[in-house]
Amino acid sequence: MSRARAFWRRYRNNRTAVGGAVVLVAVVLLAIAGPWAYSVDPFDMVGRPAELPSGEHLFGTDVAGRDMLAGILHGGRVSLLIGVMASLAASVFGLAMGAVAGFYGGRIDDLIMRTTEFFLTIPSFVLAVVLVAIFSPTVANITMAIAVVSWPSVARLARAEFIAQRDRDYVLGCRAIGMPDWEIITLQILPNALPPLIVVSSLMVATAILTESGLSFLGLGDPNQISWGYMIGVARTVLRTSWWMAAIPGVMILITVLAINLVGEGLNDALNPRLRTR
Amino acid sequence: MSTVFKVEDLSVEFRTSRGTVRAVDNLSFSVGASETVAIVGESGSGKSTAALACLRLIANPPGRIASGRILLEGRDILALDDAGLRAVRGRQVAMIFQDPMMALNPVFTIERQVGEVLRLHLGLDRRAAAAEVVELLRLVGVPAPEERARQYPHNLSGGMRQRVMIAMALACRPKLLIADEPTTALDVTVQAQVLDLIQSLKERFGMAVLLITHDLGVVAETAHRVIVMYAGRKVEEGSTQEIFKDPRHPYTRGLLEAAQWEEGDGNLLREIPGTVPSPFDMPRGCSFAPRCARAIAHCRKEAPELRELASRRPVACFVAHGERG
Amino acid sequence: MNAIAANPAVPAVLEAVDIVKHYPVRGGFFAPPRYVHALDGVSFALAAGETLAVVGESGCGKSTLARCVMRLEEPTSGRIVLAGRDITHLARGQLRGLRRTMQIVFQDPYASLNPRWSIGSIVGDPIRLHEPLAREARRARVAELLETVGLGAEFMDRHPHELSGGQRQRVAIARAIAVNPSIVICDEPVSSLDVSIQAQVVNLLKRLQRSLGMAYVFISHNLALVGHISDRVAVMYLGQVVEFADARALRGKRLHPYSQALFSAAPVADPDAAARKTRIILTGDVPSPVDPPGGCRFRTRCSHRQDRCATEAPALRAVEGRWVRCHFAGDAGFAPEPGTLA
């Protein structure tokens, strides 16, 4: 059985992972198609403030009279977009740094490791706040800030993988036949180092969404975009009377992050089976 | 010589995603006191599985002992309950493995690990156990045993660790020692030391030894009787002299020829073509027939049973029993 | 120390001159630097088409020697001369072209092939890197190579995990001979294989040597095996060569006490010979290569040691047509071997 088929089979057998994947796909579809299907501008005042969910406004309205459903749908786009892009950027950059550090060792390894240590000693959320505060809060800057605080852990993981692989016989064999370093790194070692990185990257999407939500909650989100965190933020003052205004976006974050975590764990189990046949 | 250990019709199966396979098929043999019996075979022969089954160490699931009896001085180990089994393991029957680093716990001292056996089975208190551990280490030839007892496995070399494992195995003077490839991971000179040690201790305590190995040289030097296994079954059995001087089964012959490096002088070695069949894809008839130079039509139709030759030697081969094509 | 050549008149296709390799060991912050003496002055010369065996136990440095000679690791000092050209300090770019002359086969067939690539890619890599063949021509050549090592062309699209140990080793050999090297270093190529498969692979290596004229450096711990297939044998202990002799001569007699112990320790697949053999059982373990014993390194385990052995390190000297690193080897009555071996 080919490795790809074996992978799908293992993943399929994991019910929670499949459940997570289903929920995640639903959320993504909602985020992509929702705003297009339900074309209410989330910033428009469409009704009286704090209306309960009704036939006209499925999720009611928020403190300023804006449609909550529109907010959820548009917010989903923003959260997922930032989450995925930040994670992708952090992963690519972290992988590149870690691969070079792990493969070459020596001074370049020291340099890169000291840099990652610098980042890891600073609480990542606080650093993100600082970065967004310095540069103006836009979707692009927020994505960048989250990527900047996330890449070091990817780099360390990648480095560990590359260190483990670089002394393996098959790598020595490639050097012995005169294969250039870049080819060894990208075509030989990388495919073997990917599984744990894929898992970490997918879980990082969840963390990125949470970080973005936190930033928006504090008012550091992009003022031109609705996001779930922002919705929770504006509901802060009426938490005791209109709790659903915070609960609904909160539950959306919960569902999304949970689904991503289940998928990530499923990937981990499927990519790294305990029983490897020789 | 009394029979200490007797295995009757042992079969071990494993359930896999591709079906159930028989790793060991109707294996029978016995070991007497002070006797060394070697089970020889290559990868896929089932010898290690058989060894683990003797102490019911097969992971269940996915494996299970499908049939047979394992008699230790007349009592069936397979019928024992957990308490009975624990009283046997380590006490009456001990086992040593190929990789001593795997068998020793890296976070406990030697004294603690070897002492554990003594405290568990012989009820010694900590002080008495510590003293006995030093004696055991001295017995197996570990220099400066008092210091070594307080060290950790990673402080010791491979040969020393194997000695420690032997000390653990012999702590309760078991009746049977099962040694699963005990020297394969060791250097040749250390291997010589360890084999020598096992021999002398065996003689001293009257222990029976079941040696699992693929190294015919080790077999020639230490075993009294040899059982040859192929693809899960016993194909030949005999005394060491008989097997080496007069092998009857074509596989035994092939193994011996492949192992005689001394012959030939720049000439090519005699090899056995092909590879051991996968347990999922066993050939019809004799499992060795596809690789056998002397296979006849009957071999491909029916799997030969073990039958004794005139010299009372069991061999599972039609040709060895005189059939012609 | 001159490189040890079988016949100084025949040009050597590979020479190792006084190779030293020390690995630093990190002690505590204030501890003086310590080194693992993996290799301490090893030399040999390999003639075209010859098989030179390097024999020893773990820690003797034989695998380190292989990697240093291939420049997969940089020797601390010493020279490597390939076909008359000193390649010790050659830059990476210049070394690449020479890589096709010298290849290596590793011990562990499960670790030496990248599990992500197909057999065809793995065997085709050296061709792709060194020869300007189009894809189709390359595939044809790979098919040819697979046939040569006893596997069919149908193996091209399979992956390593589908193959047995012996089959993988054949793939490793196919890759090693893909661009017609003049030297192949075999680092314990059959130690991980079953006995019956060992014979197959060794026979394959011999056949290839006859048809392609390659020289082998054959590293092993199995003395009977190397005696069978090699022309000359170097016995190593703790980073040094202790005996260097013609294979046949070594089969007949060993002069260095360690060689004697090594030969006598090897189990013989013959119960009568085994019973006849008087074993030389060495006491103690191999000393740590971090602090090798002063004087003769073998003296801590040698039953014939004398005072001079502790104070003066013996050099390799010519004794009875071979080289031995011992003060007393060859002297009348020194270290007679008990019993006889085949």
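Going in written order, the chains are labelled A, B and C, and every chain counts its residues from 1.
Methods note: a contact is a pair of C-beta atoms (placed from the backbone, for glycine too) under 8 Å apart; a residue touches a chain by one contact, two chains touch by 3 or more.
Source: prediction; values computed, not measured.
Counted as hops between touching chains, the shortest connection from chain A to chain B is 2. Distance between Cα centroids is largest for the pairing of chain B with A.
Chain geometry summary: the mean Cα position of chain A and that of chain C are 51 Å apart. Chain centres here are Cα means. That of chain B falls 31 Å from that of chain C.
Within chain C, not a single residue touches two or more of the remaining chains. Residues 42-43, 143, 157-160, 187-193, 195-196, 214-221, 240-241, 244-245, 254-262, 264-266, 268-273, 275-276 of chain B touch chain C in their complex.
Against chain C, the residues of chain A that register as touching in their complex are 3, 168-170, 172-180, 188, 191-192, 277-278.
Taken together, the chain C residues at the contact with chain B in this complex read 57-58, 164-167, 194-200, 202-203, 206-207, 221-225, 227-229, 251, 261-262, 264-271, 273-274, 279, 281-282, 284-286, 342. Residue ranges on chain C touching chain A, taken from their complex, read 67, 70, 72, 95-97, 99-100, 103-104, 106-108, 110-117, 125-126, 129-130, 159, 161, 172, 175, 179.
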